[in-house]
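The same chain A turns up in both complexes below, where it pairs with chain B and then with chain C.
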Partner chain A sequence: MEVKFNHVTLTYPNGVEVLHDMDFDITDGQLVALLGPSGGGKSTTLNLISGLLSATSGNIYFGDKDVTKQDALGRGVGMVFQNYALYPHMTVLDNIIFPMKMAKVDKSTRKQRALELAQLVRVSDQINKKPSDLSGGQQQRVAIARALAKSPNILLLDEPLSNLDARLRVEMREEIRRIQKETGVTTVFVTHDQSEAMHVADKIMLLNDGRIQQYDAPQSLYENPNNQFVANFIGEPALNVVPADQFDDEVRQLFDGDVATIGIRAEALTNEVKAPAIKMQAVVHEVLSFGRDRQAAISVGSHQLVATEVTTAAPLEQETTLFAALSGVYAFDQSGQRLPLRGDHA
Partner chain B sequence: MMNNQKPTWKQTLKGWLYVLPMLIIVAIFSLYPIVSSLAMSFYTQYNFFTNQVMALGFDNFKYLWEDPLFHSAVANTLIFVVGVVPLEIVISLTVAVLLNQIKVLAGFFRTIYFLPFVTSIVAISMVWKWIYNKDAGLLNYFLSFVGIHPIDWLNDPTWALPALIILAIWKSLGFNIMLFLVALNNVDKRLYSAATLDGANAWERFLHVTVPMISPMTFLIAVNAVIGSFKVFDEIFSLFGGQAGPGNAAMTVVFYLYRMFYEQNKYGIAAAAGVVLFFMILIVTLLQTWFSKKHVHY
Partner chain C sequence: MRKTISKTIVYLLLVVGALTMLLPFFWMVSTSFKTGFEALQTPPTWLPKKLQITNWISAWKAAPFATYLLNSVVVSFVTTIGQIITAIMAAFAFAKMNFFGKKTLFTILLATMMVPGEMLIIPNFVTLSQMHLVNTYGALIIPWLASFFAVFTLRQSFASVPDQLYYAAKLDGASDWKFLWQILVPNAKSSITAIGLLQIIGSWNSFMWPLIVTNTDKMRTLPVGLQAFSSDSGVNYPELMAASTFVILPMVILYLFLNKYVVAGISGGGIKG
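Presenting the complex of A and B:
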């Protein structure tokens, strides 16, 4: 189901406004990630969608229906909690059945549906176990099945992968995507891990300070950030930020506006020219290799930079010419807003 | 040190030395009295002061089997247990749930409810003697509002046992409320959020989340209440002024035991009554444990 926020704000009873003018649409059937640092407003936004929190002003629509005043139950959301919140005294099957039991679905129907869901999330062989006998990944699967049991309008997942170890995380994020595509249910999940969001989501909403920084497809967020925060947050290693005065006028003239800082992606810095690039004088201190990854420590003037595309052929500890591919170079004004390339007005 | 080696003699000895102090205390003050009272229940002719046993046999148990006073003591004890334990659990759980809902004054109410537990049973009985008074008592005063004629709680054999049950329930509430509050606080709040989203209303959340989640504490309280109720004595002694109620209407097994031992010096019979009580408690506790295997979720 489509979710629409119409200028929604949230103010806590102590008078602090924590979410400012949230205005967005979640397309029906999409998988959307709410991404951002702690305290950015991700979980708060999720709770506003779920109805566990209610908006101070603005309207929330599910499809054409105004659900602003409805509680979580009335909105028909399915939720997977960060710690899964499975009922520890019930078997896996009873956990999945519980929402249907509360909805007075008849016994044979709810059992059949629970078995189907167990199959969907691949815990069919675990249905008679208690949650405590399952691994973290299996508990997560059960929690998803339980959330899907009442055929929710929208599925919400709060930090679904944060309690799992690294390998399970990769497995479960693929699973979440698979289950979402198989059921077609509109899904929103919260994460602070950009790579999780980039890998799984159809669209990412990047939040900071209670504001939407950018709401876009994952690749657009990376290639075309709105502002310095987005450019900084997305990408690993983080964006290299250098004051504009380190560059000559020629570089600053490339951009339309008053350039305050220039951001260079680590993967745009190279010692071999390939694409349109700006030239810069830098000193390469060391180049480390980790499996297929490389990381070079560079300084430009007094600024330390990290580059991933500088080869071991680069001479160390002496002034060299490096190139920063223009597609990975962003200019920002004083307030952090991205400045477009000159003559690049869309 | 390696943990996978077989313990040496020296290590085993050392281990026993650690347990020894407590073991000695338990042996002298628990095991020895239990064994000797079990033995004493078979002494049919016995001089308590010289510890001389003249004859052994089952006569003590035969006496109990035939004594109508002991029969009514057993019956009263069972009525008392059945009357006290379920109500005690239901009322204290209800109060605990209500208390758990409020933020303000919760500490104040906790203290109030806990007072009976820290107050001497003698003082409590004094207060209840007044509450139960036929003419000036508070209870009859309140009952008169609903048109019930004054009841002589403490002198009418029909009402002596109910009066005792009411007192016992009231006295146990404070401590049980405290234990239930601890258990309620330990229930993961997110389970309630999950259950709410799953469509459970307040009663269903209580039934499907609270009750199973606090079941270990309920079991503990139930076992404790059953054992405590089987052993009821001081409430009777102080409420009825050293008597077992009007016409022995509040005679229980422990009161019977006390009377045999201290008043009539029938040591063997007292010991036999103790053995009977022990087996009564044992059977009920075993039943509870068996029941808990199915219904208590740890």
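Presenting the complex of A and C:
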């Protein structure tokens, strides 16, 4: 189901406004990631969608229906909690059945549906076990099955992968995507891990300080960040930020506006001739190789930069010319807003 | 080597402790088979020279123990069940609900735990006599239907259940009532068993209160009934000990079956994920 936030704000009883003017649309059937640093407002936004928190002002719509005043149950959302919140004394099957039991679905129907869901999330062979006998990944699967049991309008996942080890995390994020595609349920999940969001989501909403920084397809977030925060947050290693006065006028003239800082992606910096690119004088200190990855430590003036495309052929500890591919160079004004290239007002 | 020595010392101390605890029970059982003369002999004998089953038979006949037993069973079970139910509901309110004055109320109730039980005897007696409940089951049961100790223990156990479980149940469509009985209570089973067992033992053994609020054989409970063996002319120890043995026997059996819950409930709150 489509979710629409219409100028929603949230103010805590102590008067602090934690979410400011949230205005967005989640398309029916999409998988959306709420991404951002701790305290950015991700979980708060999720709780507003779920109805566990209610908005201070503004309206929330599910489809055409205004659900602003409805509680969690009325909204018909399914939720997977960070610690899964499975009922410890019930078997896997009873956990999945519980929401249907509460909804007074008749006995044989609910058992059959629970078995189907167990099949969907691939825990069919575990249904008689207690949650404590399952691995983290299996608990996660059961939690998803339970959340799907009442055929929710929206499926919400709060940091679903943070309690899993690294390998399982990769496996489960693929699973979440598969299950979401198979059921077609509109899904919103919270994460602070950009690679998780980039891999799984159809769209990412990047939040910081209770504001939407950018709400876009993962690739657009990377290629076309709105502001310095987005450019900084997305990408690994992080964006190199250099004050504009380190560059000559020629570089600053490329952009439309008063350039305060210039950001350069680590993967845009190379010692091989590239165009279109900006040229710069830099000192390469060392180039490290990790399998197929490389990482070079360089400095421009007194600023330390990280580059991943500088080859081992680069001379060390002496001034060399490096190229920064223009597609990976962003200019920001004093407030951190991105400045467009001159003559490029797309 | 050092490890074995310290282990030996620890076990030695435990054995001494256990023997000290068991000695009165051994003495009780042993005395119950002795003759009246042998029971008071100096130096005392550890084991009876001849087993006297007659003490047991005359002890049972000395007072209407069948009536006492019935009264004890009724009073213990009703107070225990009542106390568990009130404790579950109050503990849920204190652990998971938000209402005006929650902290103040909790503090006031906590303060009542500092009041010695003996101080409550007179006001409770006066209240009950004005309600014309003296010498009825009501007097034996009503004052004990709620215990803040039980509320407090259960509250700790409920509070240790993560809030997410509450939200999950809410989203799954469970009301507070259903969450309490279908999720919280099954998960606090060991704590509930523990407070139940402590209460049933306390109620079974209670002496002062039943003695004060009852004055006929019809309403007396077992511990009060044991008075039958002491009179102005002295105490018939073998019969008293025989009666004491059958009075405590049900509790010993109950404890043997449920003791693991008591230990788990008191030490850990008993919730495992």
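Here, the second predicted complex is superposed on the first by the 344 of 346 C-alpha atoms of A that agree within 3 Å, B and C clash if a C-alpha of one lies under 4 Å from a C-alpha of the other, contacts with A are read in each partner's own complex, and residues count from 1 in each chain.
One rule holds in what follows: a residue touches a chain if its C-beta (ideal position, glycine included) is under 8 Å from a C-beta of that chain, and two chains touch if they have at least 3 such contacts.
These numbers come from a predicted model, not from an experiment.
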| task | Report clash or fit for the pair chain B and chain C bound to chain A in the combined superposed model. | result | clash
| query | Now for A:F323: first (chain B), second (chain C), both, or neither, which partner does it touch? | reply | neither
| After superposition on the shared chain, which partner residues are touched by A:P88: those of chain B (first), chain C (second), both, or neither? | both
| request: Please indicate which partner A:R146 is in contact with in the superposed arrangement: first for chain B, second for chain C, both, or neither. | output: both
| message | Output check: A:S50 vs chain B and chain C. Expected answer is one of first, second, both, neither. What do you get? | response | both
| said: According to the stated criteria, A:V77 is in contact with first (chain B), second (chain C), both, or neither; which is it? | reply: both
| query | Can A:P131 be said to touch chain B (first), chain C (second), both, or neither? | reply | second
| field | On chain A, positions contacted by chain B and by chain C | value | 50, 52, 72-73, 77-79, 81, 83, 85, 87-89, 98-99, 102-103, 146, 150
| query | Inside the complex, what are the residues of chain A that reach chain B? | reply | 50, 52, 72-73, 77-79, 81, 83, 85-89, 98-99, 102-103, 146, 150
| Inside the complex, what are the residues of chain C that reach chain A? | 162, 164-165, 167-174, 178, 183, 186-187, 189, 271-273
| note | chain B residues touching chain A in their complex are 188, 190-191, 193-200, 204, 208-209, 212-213, 215, 297
| message | Show me the residue ranges of chain A that touch chain C in the complex, using the header's touch definition. | response | 50, 52, 72-73, 77-79, 81-83, 85, 87-89, 98-99, 102-103, 131-132, 146-147, 150
